[in-house]
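In what follows, chain A forms one complex with chain B and a second complex with chain C.
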Partner chain A sequence: MSVAPYPEVGRVRSFLDFYATMIRTAISSQVQYRVAHYFYMLGMVAEPVIYIVVWTTIAKAHGGSVNGITAGQFAAYYIVWTLVRNMNVVFGAPYWEWRIREGELSGQLLRPLHPINYDIGWFAGSKFVNVVLWIPIGAALYAVFHPTLSPTVLQGVVFFFAIWGAYFLRTFIQSTIGMLNFWTTRGAAVFDLYMTAELLLSGRLVPLKLMPGWVQMISNFFPFKWTFFFPIEALVGNLSTRSLLLGLAAQIGWTIGMVVLFKFAWRAAIKRFSAVGG
Partner chain B sequence: MSEPVVRVENLRKTFVVPERDAGMAQALKSLIRRKTRQVHAVEGISFELQPGEVVGFLGPNGAGKTTTLKMLSGLLYPTSGEALVLGHVPSKRQRELLRRITLVMGNRNQLQWDLPALDSFELNRAIYRIPHQQFREMRDELVELLDVGDLVRKPVRNLSLGERMKVEFVGALLHRPQVLFLDEPTIGLDVTMQKRIRSFVAEYNLRHGATVLLTSHYMADVEALCKRVIVIHHGRILFDGPLSALGDTFAAYKTIGVVLEDGATNLESYGDVIHRDGDLVTLRVPKAETSRIAARLLSEQQVLDLTIEEPPIEDVIELVFAQEA
Partner chain C sequence: MNVLRVGWLYLKMGVLNELQYRVNFFVQLFQALIQVAVALVVLALVYSHTTTLNGWTQPELLTLMGVQILLGGIIHTFVQPNMGRLMDDVQKGTLDQALTKPEDAQLLVSVREVRIWSLVEVVSGSIVLIVGSSRLQSTLGGLDTLAFLAALSLGAVMLYCFWLVITTGAFWIVRMDHVLELFEGIYATGRFPVGIYPSWMRYGVTFLVPVGFAVTVPAQALTARLHGLTLLGAAGFALALFIFTRWFWRFGLKRYSGASA
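Coming up: the complex of A and B.
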């Protein structure tokens, strides 16, 4: 005699339950390696500190500003950058190859939940640890570089949603590119191309306002600026209320587009899965 | 007979794999023209599993066992043919099916490495949408059955291979699956741990009426658990029937064990002497001549004891694998 399967908990309730449990699990796991994690975060600060030093030096040499951006505004941009960068850490495209090779994907496919949910939940959980660990780093950068930063309440609220919007958008961009690993083991080249494009068109390397007009124009056709430039500008810039809300809407629109693209790529990719890793 | 739990009809899986010779010239050549070859991992197999059956799925490495298990659990799309598990097409990976099956692979870790297994169990509860009460009952039942009370509180990375396998089983069965695909679940484990896993699978099958398809290279697993075996080789099924009939089909010999008054007596004229231990001599004789040779031994030699046995299952399997499909 076979025992009937368990009754299921409601769909919405169980979905929230999964994310809450996954976030708790991720936090527990991150806390296990808090020291190593902290050193990793400190390492990530090197990049923006170099940018701050370079740009504030240039600004001072040019009478206090470059293209209207003052030394204090550069400092604000790159200090907020450090938090946005941490929020933008997602399950990277190249790791899909590792996931396939090591058999992790096989284990996930056996469960009645799309694997992307594990990534979203896990990395969302790690953000809570990252933000706590970031606070002293941000405070130290603030004390050293004296940023010009006085956001309004609305800017603060939009920034909160924008960093999560950036997180979701970047997750789906990276996962969609990650699908290439189902076709080729040489996906790294495409990923390098993506990283270069992101570096130039997102505001990660330089505030987009400093880029030539044609680069700024091209950046409008890609989702990258909504993952770096917009969240940072939402807090440190002078965007109008309309621009702030339109920015959030653009993030949502790009995210929906990437979700659709990811689903399409996933359906094609999974048929090619050969479960070689176990 | 009730509706089969697993129905496989002419199932095939062909992989296309790239290949090239060694050397830089060949590497450059492969950039322009990539050579591939087809590997027929499973070639039109058919079988059914009834509710509550525990079936051994045997074959040498590369025979197609794991590929079949992966197709049945929805990890792989079949190239052609049909597979139904609990009435569902596995490759569609429908939630209703995934909540009712499990695939346990030896040496594969599905638990969070840095955390106690209890945390992973909790995550599985959320993933499988198990109500809290039932989750606690099932978890406690499995923890007791596998005797892993304290282990579930240790980070998984600190567990030995055997301990990890036991907690893996708990994690894989929390949702009380009705169909278990077990791929080498005892691989690398010591004899005591193997026995523990075996008795656990038997107990789970008994308590929950689960259907089990088991691959193992340890014949002790198969003998302890499976009344029926399916033998696959080169992607084709060579045998599907009772384990007891495997020897009749494939082994053309039996063994006769004789205890003689004088163990040094030469018995080469009766059959192949395969073992000699003091006065006990073991002979391998053609199956059809077993009774005639036994009668000769009794009449011509000073025999204190005589036993006729089927060949050990390991030997039979070796014979099967030695055959071409």
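Coming up: the complex of A and C.
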């Protein structure tokens, strides 16, 4: 008896099946650690709250605005920041070191799919839990800091895609940097450098408008601002329809570029891998 | 006396252990440089849009940031590694090994680990602090310096207590992932004077989480803002917090049932 050849449709479907299962597993697993999750959230929320307080203090001392940004707009920027931050947390570069050192990777290489699929699926799943747990925090921040926020439907739609775009883009940025761990056990130093560049050039620290002109110029040559500034600005700013759509296109472009870079880095890196336990 | 002897012995062991990993020194140095650079960028950004922040001038805020980095270095060197190990021990049930020793358990869990390379932050923080305070209008007297050192020590005690209270939570929660992020996030509020926060938050980061006390009060001593009464209040608060921490630690310990052996 002969077995019918595996149809191409089956491959796509099993791929989607895999992702659906990963996401479901991540959700049910993440829900169990709510307390730990709130530790993380509260620690994370401290950062934008500090920024809101500092910039509204300055705005109030200078007749209500800094560079044309009002206290309410600062509040809106940094509150949306918290949601974007939740979405762009990914399997970080330092964890590649752990994965290699502990021999985790050996087992993962034996699976039929590239390990990054597991990372993407797992973290995508935990986003659903993150966002649900974020809602009370977002509501509290809204009540306390009175943001000026009135997005249009289009802005909302673009924002929805932009936060997922930020998630994918940041996944591939961090995974590419993670490849360095195949060469060195001191990847942390490079990672710190990356985090600093991202902090300053992404709009994470301040809306890019507050940066000196030359910093804004430099930020155009890096993918970072598409993971913070663009999604936030899409919702709170007043970008034209054209800029919104072009922004999404730029995000996709950078993501494709980073995927290609990651593939190259992975091919070079995996040749250097020799198993450690597992 | 015994407390000091045991503490000193563990400290020596910890230092010897760490000295084996000398490259870590350079990694720490690099990280400290980045940390200072970011602090300076933030300072430059803030003061490119204003001349004073809630009454604090640029050199004054620089001094405050120096205090925050310095105190952070003390915590990273002596407190945080111990608390990390304690959480691990509770989760794995290996805390038995500390509890079965004849010495006081709170003392033992607080001195077992030391990361001396993090002292780099104490140095970098001190440099920032000295540069900041040398640009101040007023000159520092001997009394100010003494008050500063006293306030800094009290701040370290408060942060230790806060860490131990949180870590004691492991007896109930067991899995304490992300508690480090929680602390680092909240500790970052200390980069700015506690007075700038809205009142509900000011009380939060002063009494609930003593970062305001721990960082702002020493910085006040350096910037001629400190009243003797505040320092006295800080001393009283540190003492109360320490007593509460000790009680809470013992209370939590009752819930521990070893899982090792």
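Operating definition for what follows: the second predicted complex is superposed on the first by the 268 of 278 C-alpha atoms of A that agree within 3 Å, B and C clash if a C-alpha of one lies under 4 Å from a C-alpha of the other, contacts with A are read in each partner's own complex, and residues count from 1 in each chain.
We adopt the following convention: contacts are C-beta pairs under 8 Å (C-beta built on N, C-alpha and C of every residue); 3 or more make two chains touch, one makes a residue touch a chain.
Computed from a predicted model, the values in this text were never measured in an experiment.
K.L.:
Contact-wise, after the overlay, does A:Asn67 reach chain B, chain C, both or neither (first, second, both, neither)?
P.N.:
Touch partner of A:Asn67: chain C, not chain B.
K.L.:
Answer with first, second, both or neither: which of chain B and chain C does A:Ala188 touch in the superposed model?
P.N.:
A:Ala188 sits against chain C, while chain B stays out of touch.
K.L.:
Can A:Thr196 be said to touch chain B (first), chain C (second), both, or neither?
P.N.:
The answer is second: A:Thr196 touches chain C but not chain B.
K.L.:
So in the superposed three-chain picture, is A:Ala46 touching just chain B, just chain C, both, or none of them (first/second/both/neither)?
P.N.:
The answer is second: A:Ala46 touches chain C but not chain B.
K.L.:
Quick one: classify A:Val206 as touching chain B (first), chain C (second), both or neither.
P.N.:
Touch partner of A:Val206: chain C, not chain B.
K.L.:
So in the superposed three-chain picture, is A:His37 touching just chain B, just chain C, both, or none of them (first/second/both/neither)?
P.N.:
It touches chain C, and chain B stays clear.
K.L.:
Name the contact category of A:Thr57: first (chain B only), second (chain C only), both, or neither.
P.N.:
second
K.L.:
Please work out whether A:Val144 is in contact with chain B alone, chain C alone, both, or neither, and reply first, second, both or neither.
P.N.:
second
K.L.:
On chain A, which stretch or stretches are contacted by chain B in one complex as well as by chain C in the other?
P.N.:
33
K.L.:
Considering only the defined contacts, which chain C positions touch chain A in the complex?
P.N.:
Listed in rising order, the residues of chain C that touch chain A are 23, 27, 30-31, 34, 37-38, 41-42, 45-46, 48-50, 52-54, 173, 175-179, 181-186, 188-189, 191-192, 196-198, 200-201.
K.L.:
Show which residues of chain B lie in contact with chain A when the two form their complex.
P.N.:
Those in contact with chain A are residues 15, 51-52, 70, 73-77, 93, 95, 98-103, 105, 108, 110, 112, 114-115, 119-120, 122-131, 134, 155, 175-176, 178, 208-211.
K.L.:
In their shared complex, at which residues does chain A touch chain C?
P.N.:
Per the stated touch rule, the residues are 33, 35-37, 39-40, 42-47, 49-50, 53-54, 57-58, 61-62, 66-67, 144, 186, 188-189, 192-193, 196, 199-200, 205-206, 210-212.
K.L.:
Touching chain B in the complex: which residues of chain A?
P.N.:
Touch residues, chain A against chain B: 1-3, 5-9, 14, 17-18, 20-22, 25, 28-29, 32-33, 103, 106-107, 109-113, 271, 273-275, 278.
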